[in-house]
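Structures are listed in the sections that come next.
In the two assemblies presented below, chain A is common to both, partnered first by chain B and then by chain C.
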Partner chain A sequence: MNIVVPIKSVIDVELNIRVQEGKIAKDGMSYIISKWDENAIEAALQLKEKHGGEVTVVSVGPDRASESLRKALAMGADKAVHVNDPAAEDSDSFGFAKILAKVAQRGPFDLIITGKQAQDTDMGGTGPILAELLGLPQVYNVIKLESDEPSTLKLNRLGHQGQEMVELKLPALIAANDSLNEPRLASLRGIMAAKKKPLDVLKLADLGLSPDEVGAKGARVRTLEFQPPKRRAAGKKFEGDAEEVTRKVMDLLANEAKIFA
Partner chain B sequence: MPEVSVFKSDLRELEFALFEQVKLGRLLGKAPFQNLSEADARLILKEAHTFSAEVISPTLRESDRAGCHLTPEGVRVPEALKAVWTQYYANGWNTLTLPESQGGQGAPQVLGAAVGELMSGANTGFYMYPGLSMAAASVIREIGSKAQQELFATKIESGASAGTMVLTEPQAGSDLGLITTKATPQPDGSYLIQGNKIFISGGDHDLAENIVHLVLARIDGASAGTRGLSLFIVPRRRVNPDGSPGAPNDVVCTKVEHKLGINASATCALAFGAEGKCIGWLVGQDGAKSGGQEGEGLRNMFLMMNRARIAVGVQSLSLASTAYLNALAYARTRLQGTPLGDRKSSQGPVAILAHPDVRRMLLEMKSTVEGCRALLYYAAGLEDQAAALEADGKGRGAEQLDYLGLFIPMVKAYLSDSAVHVASLAMQVYGGAGYTAEFPAEQYLRDARIFPIYEGTNGIQALDLVGRKLNQNNGALTKRYLKETAAFLEALKAQKGYTAEGKALARAVAALQEVLGHYLKLGMLGKLDEVALTATRFLEAMAKIVVARLLLEGALAAEPLLKAAKPGSADAQFYQGKIAAARFYARNILPTVPGLCEMITAEDTLALDLPDGGFALGG
Partner chain C sequence: MQYTEYGLNDDRKALCRGVRELCARYGESYWQEVDRVQAYPEAFVRALTEGGYLAAMIPESYGGLGLGVTEGGLILEEINRSGGTAAACHAQMYTMGTVLRHGSPAQKERYLPPIAKGQLRLQAFGVTEPDAGSDTTSISTTAARRGDRYLVNGRKVFISRVKQSDLMLLLVRTTPKEQRGKRTEGLSVLLVDLRQAVGHGLEVRGIETMMNHHTNELTFENLEVPAENLVGEEGQGFRYILSSMNAERILIASESIGDGRYFVERSVAYANQRVVFDKPIGQNQGVQYPIARAYAAVEAARLMRDRAAEMFDQGENPGAEANMAKLLGADAAWQAANACMDTHGGYAYTREYGIERKFRETRLYLTAPVTNNMVLNYVSQNVLGLPRS
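What follows is the complex of A and B.
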């Protein structure tokens, strides 16, 4: 089973993210693989371990994206493709999907697994558009995955009202929820083994794309500015006798927060 | 329920220390480190941090509370540690600095120290098991016979076996010459081992299927004192020809100590050969053939001791660093008091980070931690430089290793004393909350308190420095250090804005040189007691000079980077922090050196002259 996993390198969410002049300040930041993409990698590795085949990870981004790709290789992916072209920067979901579609079409594949959304923009647009561009059936927000034979997946997805059980014939695209699995860590052995795995660096031209089709020029969605979220007020801590604390909390919920009104 | 990780590290600072301070990049990609690039090293650091925070750290509090327990089947460690041990080895973290020929990654020691800092900072009690195991394996690799390497070292390197170093006996602590454990030769070339040992870290546990003890013992008829000691491999269970564990080898844990800290680590009393059935092998001996390393026990143990002393430096730094960063995080969020002179402040209470005395404590911790890191990495880097010189055929590696010897007592003693100091300051920042078990500050302080004691007390380190290292090679190591420092002082003069720091360092160096002359005089007069009396103060004085110079070198490396950074940016603030740490150390910590030196040269012999009863009358 050959699987393609697009991943996004995002600012480490544990850092103090700052907004300067309507843009996210990037100095002093470090980057991680967007968390749902790690679930996607893990799902792909488990399928490969079961059915054989290859896992290819793909990322579109500047130089630093290679660090995330090398981590994915260290986790156990077999190949990596890095689309590193300044003209691809500031793409919207549609632009990223176009680039990823071209990368996927470079070789035969059975399955594309994405995260259900990126951890920075929370758009969740790239995966569905990618499936449309490739004419693939797609199942989103997958929380359980079984596969007795390589041609079919049995999936549970978290729907609007509870879980939906789906059987999916490949080729297809699925998107992972973080309850799908527990992503493995990159081991030291994995990091060293990753050095010998191929990491192709491509330009848009290598994919037959012109700079106007993607990036800021080809974008249909424009980000006007970022604003820092309002700071949350400090929480309250209640201590003492359980009964007394419960009464106090109930009183506050009823009379201050008025949640029972 | 796994606990929340309290471990904190500053990867940016670690990267600065590795790549800007030690300039690790110069060694990577070339023999014997041809296998690693700078990008690899950065990824390794990042993933080691993830492993520490996500896998090791959640066991910190739980394993401290649970402790280790003696059962009829042997010692049982806190349950949570077993999965960590398995994953640590499965992920290959123990192989980082092992040579490629032994299935390792051949990484430099300085990268090993950085990764060790992360792993140990997450739970130092746990980290001692793999740390000591790998140190034991490295001794067997270095001086063991081929068969011993196959049977024992390979097993330790895979995590199937653990390893220990077994020196101390009830009557033989700092003075190993008093060891009485005996080794009786057997016709097949093995030895029967008999004796009682105490304070053995990882002496018994259920993390691995076997434990390989490296035991100091005296062969029947060997001379008294340290010269009669030899080093033996004594497994907990005998080994089958394929290395798998066989019958018990009459090594029994008789007690697990109850201690102040590092409760995750089993500190054991071991009885070897109580039933006369404990078999050991002389390290280096090949089967029944004679040879091996008879009477070389202490020298061989020192192969391990030097590593172990650097490892205590790693442990010390690791706790100091996470204690500091935890205190800093607390100081940023704890609201208390108003700005000085603004009692009716309309903003209400401010974060305690705003208070001058808290800032003073935090900067003292920061500069101490970063100074300790600079010293540790400098020392580990000397070993890497030695390896690079040897690989290059220049053959001057031994010189660097001799030089490293000068710094080992300072790494062990100064870093461990600093760990206790910083952990104590960290608790102070928390106030009363830090004294409770709700925050990790109290555990850091408890765990750190053993560091000045074990692997050669800090008093022993000071004697090693003044009694051995200062005069080694006719004082060549000391001369080299003073010469390099004089050159640095010249270079510092040319640097704008470092006049005060340069003067403070020059004054401290001059005072230290005066002490060296004083020691020479005491030596000629045979007043060795007076040298011993002041050795601890000397070590502190010299270590502070070494650390101050390294921090200032780091500041000079940071200056151009600060100029290149955008004002007010995170990068700029980072480099400002580096420079401030160096300046603070030079202005607030280094000035104690002339005072220490004055105490030494004043020949105050009160402590020697006082009759024993003068300390207090009675028994």
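What follows is the complex of A and C.
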């Protein structure tokens, strides 16, 4: 089973993210694999361990994206493709999907696994557009995955009201929820082996794409600016007799915060 | 505060990240809990073993990763920097070095592969005795040859992780003190299989300490050790101990540096965030300067450690550098620990913040595995050529 996993290198959200002049300050930040993409890698590795085949990880981004790709290789992916082209920067979901579609079409594949959304923008657009561009069926927000034979997946996807059980014939695209699995840690041996695994660096031209189709020029969605979240106002503190305080808090929740409305 | 990783190539950065990601799964609450109940951090050590990190310095031909002391040091540094305690398992990384350098081919074949796989734990080395602390050549635990075995009698103290080891190296006297030639002769290293020894001539009594450190007092009464478990030549044990010291110094320095970075990072975060008198406390130079000074000390120790490690991995003898790295590292960590305590005010003393735990833990590096005064002796006499004290 050959599986393609697109991954995104995002700013480590544990760090103090700063906004300067409407843009995210990138200097000195460290980058990690977007967390749902790690679930996608894990799912791909488990399928490979069961059915054989190869896992290819793909990332579109500047030089630093190669670190995330190396990490995926250290976890156990077999090869990596890094689309590193300044013209691809500032792509919207549609642009990224176009690039990823071209990469996927370079070789035969059975399955594409994405994270359900990226951890930085939370858009969740690239996966569905990619499936559309490639004419693939897609199952989103997967929380359980079984596969007795390589041609079929049995999936549970999480909806607002419950779960949907789906049987999916490959080729297809699925998107991972973080409850799908626990991503493995790279072992030291894996980290050492990763540097010897193939990592192709491609330009847009290598994929037959022109700079106008993607990046800021080809984008249909334009990001105007970023704003830091507003600081939360201080909370209220209540002291005194438990019964009295409870009554007061309930009253405020109902009439001021209107949370029961 | 961002992670600075200058001077690290991509491979070493990836290594550090690997350790950091593993450690992130064992956060403050994990270490606080094992500290509270004085438990061995079994789950963490298992994860580290399964990740192959403790086999980093074992040659590839024996199933290890064949990495140098530079990488070994970075692994231990990252563990301590994350808030963890590498002391729980660092010896599994380097105790095997004595077997590797001085053991017979049969011993290496038999023990190193399972150590590399983590199936055998060799993380105890019995050297110190109640009446011979830093004065190693005066030890009195004896091993007398009786046919195809040695009979061991005596006592050892502060022998760590014996209860968490399958094998232990043991420094014993095989020639009586009066009969030895040179002061450094007459000692030998035995490999003791603890699974058979405990309760059959070896009694192990745990020593409670101010931190969660698993150390013991050992009593040997006619413990039988097969003669084939002698490592290297009889009488040359002290030389073997000396030859393992540089690596140990560098690795211990790395743990101190990790502690130092932990304290500095925690201090900076808190000083930026804690508001008193309507401004972050970090705005006060009285708070800033101790942190800045500690940071400079930690970074300086790191440079010395890097140089010692580089020399070691190139096959040079970094005696002076390794000793100085240990001294500077332990001092810098202690300085950073105190700055961190001061920065956190009263909260530093609460268990919840974890600072006091680290404070207790990092104090040990001033004393063990060698006291800073012994390092100063070495530098004074062996490096600077001052008269022996």
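We adopt the following convention: the second predicted complex is superposed on the first by the 232 of 261 C-alpha atoms of A that agree within 3 Å, B and C clash if a C-alpha of one lies under 4 Å from a C-alpha of the other, contacts with A are read in each partner's own complex, and residues count from 1 in each chain.
FYI, contacts are C-beta pairs under 8 Å (C-beta built on N, C-alpha and C of every residue); 3 or more make two chains touch, one makes a residue touch a chain.
The structure presented is a predicted model; accordingly, all values stated were derived computationally and were not measured.
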Simultaneous placement of chain C and chain B on chain A, clash or fit: clash
Which of chain B and chain C A:243 touches, first, second, both or neither: neither
Which superposed partner A:195 touches (first chain B, second chain C, both, neither): both
Chain B versus chain C as contact partner of A:256, first or second or both or neither: neither
Contacts of A:21 with chain B and chain C, given as first, second, both or neither: neither
Which superposed partner A:70 touches (first chain B, second chain C, both, neither): both
Interface residues of chain A shared between complexes with chain B and chain C: 28-30, 67, 70-71, 74, 185-189, 191-192, 195
Partner chain A, residues of chain C touching it in the complex: 2-3, 10-11, 13-15, 17-18, 21-22, 25, 47, 50-53, 55-56, 65, 67
Chain A residues within the chain B interface of the complex: 25, 27-30, 67, 70-71, 74, 185-192, 195
Partner chain C, residues of chain A touching it in the complex: 15, 28-30, 67, 70-71, 74, 185-189, 191-192, 194-195
Residues of chain B defined as touching chain A within the complex: 11-12, 35, 39-40, 42-44, 46-48, 50-51, 54-55, 90-93, 95-96, 105, 565-566, 569-571, 573-574
